[in-house]
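Naming follows writing order (A, B, C, D, E and F), and every chain is counted from residue 1.
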Amino acid sequence: MVLFFVLGLSAAMARSDLSIPEAIAKGMAVYLMMAIGLKGGTGVAQHGIDTTLFAALLAGVVLSAGMPFVAFFLLTKTSPLPRVDAAAIAAHYGSISIVTFLAAMEAVRAAGLEAESYMVAVAAAMEMPAIVTALWLAKRGEGRLDATTLREVSLNGSIVVLLGSFVIGCLIGPDGLKPVAPFFIDPFKGVLCLFLLDMGVIAGRGLREGRKSLTPAVVLFGLYMPLIGAMFGLAAASIVGLSAGGTALLITLAASASYIAVPAALRLALPEARPSIYLPLSLGVTFPFNLTLGIPIYLALAAYVS
Amino acid sequence: MVLFFVLGLSAAMARSDLSIPEAIAKGMAVYLMMAIGLKGGTGVAQHGIDTTLFAALLAGVVLSAGMPFVAFFLLTKTSPLPRVDAAAIAAHYGSISIVTFLAAMEAVRAAGLEAESYMVAVAAAMEMPAIVTALWLAKRGEGRLDATTLREVSLNGSIVVLLGSFVIGCLIGPDGLKPVAPFFIDPFKGVLCLFLLDMGVIAGRGLREGRKSLTPAVVLFGLYMPLIGAMFGLAAASIVGLSAGGTALLITLAASASYIAVPAALRLALPEARPSIYLPLSLGVTFPFNLTLGIPIYLALAAYVS
Amino acid sequence: MVLFFVLGLSAAMARSDLSIPEAIAKGMAVYLMMAIGLKGGTGVAQHGIDTTLFAALLAGVVLSAGMPFVAFFLLTKTSPLPRVDAAAIAAHYGSISIVTFLAAMEAVRAAGLEAESYMVAVAAAMEMPAIVTALWLAKRGEGRLDATTLREVSLNGSIVVLLGSFVIGCLIGPDGLKPVAPFFIDPFKGVLCLFLLDMGVIAGRGLREGRKSLTPAVVLFGLYMPLIGAMFGLAAASIVGLSAGGTALLITLAASASYIAVPAALRLALPEARPSIYLPLSLGVTFPFNLTLGIPIYLALAAYVS
Amino acid sequence: MKMYSKKRIDIMVEAPLMTRVLKLLDDLGVRGYTVLPALAGKGQDGSWHRDGQVGRVGSVVQIFCILDEARVDAVIEPLFKLVSRQIGIVTLSDVQVIRAEHF
Amino acid sequence: MKMYSKKRIDIMVEAPLMTRVLKLLDDLGVRGYTVLPALAGKGQDGSWHRDGQVGRVGSVVQIFCILDEARVDAVIEPLFKLVSRQIGIVTLSDVQVIRAEHF
Amino acid sequence: MKMYSKKRIDIMVEAPLMTRVLKLLDDLGVRGYTVLPALAGKGQDGSWHRDGQVGRVGSVVQIFCILDEARVDAVIEPLFKLVSRQIGIVTLSDVQVIRAEHF
């Protein structure tokens, strides 16, 4: 699976014209959201609502809102980045990458572990809080996170599909899932391969752009910040009392950095921050790192602790 | 399945930016046409040509050509709509919505009923006649349904794919279907879910537009006309002697209103009619009504009568 | 399967507006490349590297580089085409059509034969050499095949995906293929049907354009050249010692004409050659010929010889 | 470099009418045109957005052609006649080109 | 044929800002506009390409509207204010139209 | 509002040539450009339609860049040299912009 990511990455680095049309990429993204939402929802319908659900949600929100402070501190100490840029980057690392999460789910399954089905809801809960923190950091309250932006950001398509499918999954349960399983369950992993091929191409382009605009200190941040995030995730998971699989997923969420929802929100709310810094960093450095080295580490960490 | 439609509808009403790229929506539409065409065709190949086939086709044509008179009469009596607009709306209600038909097929199957396989051919036959009637109503013969328009309309892509796949299905039979079943049959219901999510978004937008342009009398028409159509469909089905499943489908066809083929044809043949009236009515009022309340009613009706 | 091609072809000839969005067509093309790459690669992983692999690759390269001479000779003898146009056409017939190859693979399987899994690698190897020959023919060395063009052409997306997936297939082996089989293997044939519907539409348009720009001598060339290519392919296959299935595939490769990679390369390297001649010929004449009549002939030929 | 003055006609028209407009341009002997897809828009007949759209109603395409000033009147009158009953607008502007014989 | 002189405003702006620009145009009472998708581009903020893009960041849309010269200033000032902090450019040019009442 | 006069170059060129044109613009130091996808078209080399197209041959993209009048000649000559052997056309027109330093 990761091999397709590497293929896409190499193709983009070699300047091949390989690319997946935007419409297909968007279509696959919607499909993947629906599929994991349904899977998570039917899981919850089957096992009942775990007592840890709310604790895990709360942990996610706290992680997302809290980690930007750490990231911001590290960035302003180690690099001469302007305040807004540091805050913008911090937002990405507080929030999550859903593709990294998908890959971790597959890795967890391949390792024979099981994770709490509601983890997709935790993932959804972790998208936004980091943005609020970062805007506060950037402007000490002067930020433009007005009601319109907040609504636009929180009603973004992928969150709506993910949560909507989660709810539908809860409603229909495992029996309702069966007739659509040949579309949403069986080919899932294959679609993820195709999607990762595409993400590899995008990450490769990000890396190429990044070579021009990123300083070593910032690149380094993109490599050690996931590990710091992982530690916070690990701590939160053991406080909440998640299973080994769930722990691996929460670690991954904490370690991953957003490159879709947060950038879009920041372009509206913090236009002074430069996307030419935060996008290549999250997409070209941290994302490939997590997919290749990170996830195995997080899985080992979770297995070791549990 | 309908839940995804509701999800899309709610997202659009809440002004979420959720949307499926146009290319994906079109691709799914072609896929669904091919799949039901093949399924219908192989069904016919298996059961032989039923003696009721021609009666059903004829019934479909008569329904499609006849119902616009009823609709036109009701509209001109209950609302001050100009003649052309009333005729244009009438055309939509004479013709059919293939997505509503698909949803009804699934509902029939879920209810454990079986319908005549040739019903897809009946659906195809019902698309066009209503337009001819409506043009005559609009202009008493002055309409611009010249040969070019007629050819353009009757060779529209979805009809060609549907009928072509139906013929191919007749030729290859059930054995020929087997190797492509993992693509055309198994994931069918899942694709329909995704498609309905998209249709929900479109219907939601239609509803929002409709709030501005539709008068209460017209909205009401969009709710009772399907039921009147259903009665005609029921009558036709019992004359033809369809099975319970087939009856439910013919009722649904009669009750449903077009929002793809007819609008496109009318823009060419009757440009004076306002799409800002007929599109929201068919798409935002009748279509959601049929998908949520209508189909269960039609199914109950068919079961009760048979 | 071929029936869908015929459907698309007829629809385009009848000027129906049936069409598959470009994004979907491109997405399917990537999918098909990945699928056959993976299948071929896992086949090689299973059976080990055959001693004939290198001989087959070499044969492919020689065929691709050599056949343009024959084609060029025939064209300049039988028609008054300018030198550049003849060379451009020759390039197409030396190179290959991957869709024709896909259809032949399905036909081989349907006939109960098995082909060497590495034939996809042979197909990839046959894409480029013909272009080099043709440029030399066109200009006796003056051609603009500079390093940039060469890199652009050889790193074109489909080759990269095909070979990349082949390598991935070799690495993961049959066990690694299993979890993604519901996406890459089971629906494969169905996707190919949809793709062929689309190719039918394109071929039909090519045919319509071709009516204006092609002379009878050139059209005739588009019909007999595949058969000549088939003979060369047959000879090469028996020298290499391929199985009956492999022989059928090598014949098909030799007989098929490119309409994606070569035209794109020629627009850059040989812009004086007219696409209004080479595209309709390859796409509108040879491609449909091969799909309908050619492949059964090549299969019979291979079966007869082996 | 020597440049020649030409006119550019831009036609924004609802998608179902596209083939007719192109046919008209063909019939009028226009030597070339280009069609661009539009994503969204607003006009007197309401606003529309392409995403999610299955049919072609509601969406608009932009057709433009570069042609000689002398030919403008001969083209724009029938064009306007065709478009005026439908959803769409037509604009005219000045451009300069390099290859005069092309247009 | 009688033509009327109008102005055309072209706005190339990053996609996440699109809805805001359109809302502004609505609020300013602009009678119509069209949005075209862009495929790729380059500006001061780096180059981008649409294919493969999942999110909307980095990609640009082109919005144009035809309007009366008298209204240009009232529209372009708030527009510029909105766009100037963001990635994007605004241009103005001359066009002629047939139906004056439309704009 | 203060506006500055600039020139707009529009290049309609077959898709396989796109990367070369963009590279040329980069090499010539052009500060920005935008690429729009075209859907269909007709020229001397026949007509084409994008839907269903798998390859890039036959389809056309529109590239435009806004630049200073003083730079036009330096750009348009090599551009024309590149495009003239291929399928494509180049036009030039007048626009006005707000931020002069951008171009």
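Throughout what follows, contacts are C-beta pairs under 8 Å (C-beta built on N, C-alpha and C of every residue); 3 or more make two chains touch, one makes a residue touch a chain.
On a predicted model such as this, the values are computed, not experimentally measured, just so you know.
Under the contact definition stated at the top, the chains bordering both chain C and chain E are A, F. Common neighbours of chain A and chain E (chains touching each): not present. Number of steps on the shortest path from chain C to chain D, with steps defined by chain touch: 2.
Computed from the mean C-alpha positions, the centre of chain B lies at a distance of 38 Å from the centre of chain E.
Chain A and chain C have Cα centroids lying 41 Å from one another.
Work out the mean CA point of chain B and of chain F, and you get 44 Å between them. The set of chain F residues that touch two or more partner chains comprises 19, 36-37, 93-94.
In chain C, 17, 19-24, 26, 152, 182, 187 are the positions where the chain touches two or more neighbouring chains simultaneously. Under the touch rule stated earlier, the contacting chain pairs are A-B, A-C, A-E, B-C, B-D, C-F, D-E, D-F, E-F. Touching chain F in their complex are the following residues of chain E: 10, 12, 36-44, 60, 62, 73, 76-77, 80, 84, 89-94. Interface of chain E with chain D (complex): residues 1, 3, 6, 8, 22, 26, 31-37, 61, 66, 93-99, 102.
Residues of chain B that touch chain C in their complex: 21-24, 26-27, 30-31, 34, 151-152, 155-157, 160-161, 164-165, 168, 171-172, 179-184, 187. Within the complex formed with chain D, the residues of chain B that make contact are 19-22, 25-26, 29, 152, 198-199, 201-202, 205, 209, 213, 259-261, 263-264, 267-268, 271-272, 274-276, 279. Across the complex, chain A meets chain C through its residues 1, 3-4, 7, 10-11, 14-24, 182, 186-191, 193-194, 197.
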